[in-house]
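Naming follows writing order (A, B and C), and every chain is counted from residue 1.
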Amino acid sequence: MSIFNPFINFFRVLRQVVKGNKWYYAWVGLLSFFILLGLVAYFKQLQYGLIETAMRDQVSWGLYIANFTFLVGVAAAAVYLVVPAYIYNFKPIKEVVLFGELLAATAIVMCIMFIMVDLGRPERVWHILPVVGKMHFPASLLAWDVIVLNGYLAINLFIPFYALYKLAHGREYNMQIIKPLIIISIPWAISIHTVTAFLYNGLPSRPFWNAAVLAPRFIASALCSGPALMLIIFQIVRKIYKLDIDNKAIFKIAELIAYAMGVNLFLFAAEFFKEFYSNSIHLAPMKYLFFGLNGHYNLVPWMWASLLFNITAFVLFLLPKTREHFFSLNLACVLVIAGVYIEKGMGLVIPGFVPGTLGEIYEYTPTMVEKYITIGIWAAGALIYTVFLKFMIPIYKGELRFKSSQSKQVG
Amino acid sequence: MKRSLFATLVIFALISLIPPAWGGQKEVPRDSLKKPGHTLPEFVVPPPPLSKDLYPCSQCHADMEPNPTRRELTFHTEISKGFNHAKDQRWCLDCHNPDDRDKLRLASGKLISFEESEYLCGQCHGTIFRDWKYGIHGKRTGYWNGKKVYRLCVHCHYPHWPKFQPIKPLPPPKKPYDIKYRRLSEDEIPRNPIEKILKDIQ
Amino acid sequence: MKDREKNRILTKHISRRDLLKGSAFGLASLAIPIGKADASFWEAFFQKHFREMNRDEVKAVIARLEEDYYKKYNKRFNIKTTEALPGTLFGYGLDLSRCIGCRRCVYACVRENNQSRDPQIHWITVLRFKKGEKWVNDLEEAEKYYYPDEVPEEGYFYMPVQCQQCENPPCVKVCPTQATWKEPDGIVVVDYNWCIGCRYCMAACPYGARRFNWGEPRIAREEINTNVHYLGNRPRYKGVVEKCTFCIQRTRGNPGRYPACVEICPVGARKFGNLLDPKSEIRYIIENKRVFRLKEDLNTQPKFFYFFAT
């Protein structure tokens, strides 16, 4: 009978995923609607080309790449849970680390989707692979990105799925298998974000990106937005699934966000000072962001809002009183996510192109097609994570058990 | 004044001619341009754009007595009225040979044909003449590693009014805001404005 | 019949208002084509990188492309694959003291190199600067859209910019698929059948020289230039990057013609030649004139030399 076990187990998981209350169906239905909207917009883009976006030769990357950059940060932030959980054996966080890893995996999947929709010839994407294609390694940072992102995805799928598999069979997972992977995943998480920063950083044609502080800033801001997203998810999960997540874990993570945001703000200040005080011609993009350039100031309100959000959140996370109060904590989380999303999304990509290499200013405003596709990918990400949680939590709580030849336990 | 302007424009238009227009034309040897130690590119120079009505000059001038006095001409009025080439220092017979009008005359007294008029211009414009020889000054067509077609000074510069006249530029590129998907039939696809210019020249 | 249907879909454009209908066509274009008529689809899909094909494979690809182009434009193409001449490194000179900003070069280039007329693509950008104001490093003062009745205008000068054919090209370095590379004669080329359209090269280029086919490129049939090179002016596809190749289809030859922009320039401001030939015009310019290259601080080492004859 044992050869049928995997199928039986698969159907158990499937049943678990398909079954749910009306709120679950409503949520999945809503996400599906947005995914469908995104798909329709994407087919339009496929048919007519990227002319359906507002990107042009002057600003050749836009909303898609902005979201990609933000999500790499979210993915990298899983490490913030892994380090205290496994290295320092901080028990409260250890219990939620699987959620973080699955979030990282989901974020990477979304990153890959954002890259795919940005390609002019998506059907040729295999050209980027080694052996079958003609990967430009090690010269192109995008080739590095393909390697580190996929590697990180593999690690972050393997660890939780391995742990869940063992749990589902009612066994404790083997730390000797997990441990080396966890050790690797720490520098790997740093590397995905460093490589993504270097992708911009290595272009001397774009002075705004060509600053050594870019990679540290990426890491710092990633360690704000990713964990903040997780804090919100933890609370939702705790509420819906009546799962026991220790407040200590939440407050610890919030404290770590405060430090990361402190570093992020400091690095930003260093960059801001350097540009404005030296007042060279490379100031133009920074000026465009915060004060507008030659009557173009699309991003100015956004950037100031972002800065305000980040500073407020920093204070809220830093003070124990507001950190350990759920209203202010959640407010701070939302502010951090919004602040970093602006700063590291459009606020990073667009000033690389404004003013352009030949001095032209083209103010990019995403089209509806771009917005629909972006919403669609976010919805797809949310759906993937929802499905993950749907079967993961019962396993985690011991409610869902696999049929196995060794274990007699049947769920 | 207006006519000379027109003449200049006509000459200006001529310079855009494509090489085949001179394909079979007689090539004037330029061996005398060569100096030891220098290598000139291999090139041909098409004959000057002379009007059949006016050239050979001897058609009329053979029987006329040369008049060296500076004056308002009664014939060639478009030249004398529009004349704008160091006009205080120069007069017709400084360049045109008084005795045989089908020749040009260098300051040394040496006579040259209209086909090799670059020597005449080069008397004053020495550095430009040098650049011209090496292919740097002026328009070139042909082959970068083979025979090139040069232009005489007068193909581009009307000798009696050598300064270039302004021309209409071709349209600017479309702004990024205006680049949108459009449904177009074959006839509605925008045509290249250079085609009209090339057609007008030929 | 099937082909005709496909052509109809390609040439006639579906109402963009009808989003759902449009998406249905998008789906159709994604659907895996079955049957003999679409064998060329799979051949195109699996086409190898240009530099990894052997002679026979190149031949087969050229034949297929010529057939595709015939179907699309109803014209017979001659697609060359001429290799670089030994001992050549192309260099370009542009005399800023002569340029009058008339944009003849822009459109002669479009004519020669089959750039899309709609959506419009130009490989050459002519910048206008006010005399005495800052330029060269800070191009923010540059005006690209000037359109007076006559040029040159009093108080202004002009600087055309196109691909500088860098010896140290950042665009080549960043391309994740090696779809763009520097040829032995120094020309930076793109394999339009290998480019995935990620546009990283456009971000990397300091000269704004690379252009993207945001939509399906369209050219009126009678204006198509059928004398093309695989790595140069053959018609491009939606979603790929393109750029100036110093008219590779003209210049690669013995004898090789001057690029189209050189031949059209009414003031003779554009010069072209072999940097390895001490007798070439470009070498004469470098040795006898004051030359500069754009954005030299980036160490891209362009082979495009701006100079002042006077």
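Quick note on the criterion: a residue touches a chain if its C-beta (ideal position, glycine included) is under 8 Å from a C-beta of that chain, and two chains touch if they have at least 3 such contacts.
Note that this is a predicted model, so its numbers are computed, not measured.
Relative to the centroid of all protein Cα atoms, the closest per-chain Cα centroid is that of C.
Interface comparison, A-B versus B-C: the higher number of contacting C-beta pairs is recorded for B-C. Mean C-alpha position of chain A lies 37 Å from that of chain C.
Put simply, the C-alpha centre of chain A and that of chain B have 66 angstrom between them. Here the spacing of chain B and chain C, counted between their Cα centres, is 32 Å.
Within chain B, contacts with two or more other chains are made by residues 179-181. Residue positions of chain A touching 2 or more other chains, listed in rising order: 48-49, 51, 56-58.
Those residues of chain C in touch with two or more other chains are numbered 16, 119, 125, 144, 214-215.
Of all residues in chain C, only 14, 16, 19-20, 22-27, 29-30, 45, 49, 52, 119, 125, 127, 137-142, 144, 161, 170, 173-179, 194-200, 202-208, 210-216, 237-241, 295, 298 touch chain A in the complex they form. Taken together, the chain B residues at the contact with chain A in this complex read 176-177, 179-181.
Within the complex, the chain A residues that touch chain C are 39-40, 42-44, 46-51, 53, 55-58, 60-61, 115, 118-125, 127-128, 133-136, 139-143, 146, 199-200, 202-206, 281, 284, 294, 352-353, 355-360.
By the touch criterion stated above, chain C contacts chain B in their complex at residues 13, 15-16, 85, 88, 93, 95, 100-104, 106-108, 110-111, 117-120, 122, 125, 144-152, 214-215, 218-221, 223, 251, 253-258, 262-268, 271-274, 277, 279-281, 284-285, 288-289, 309-310. Residues 12, 15-16, 18-19, 39, 41, 127-128, 131, 134-147, 151, 156, 164, 166-175, 179-184, 186-187, 189-195, 197 of chain B are the ones touching chain C in the complex.
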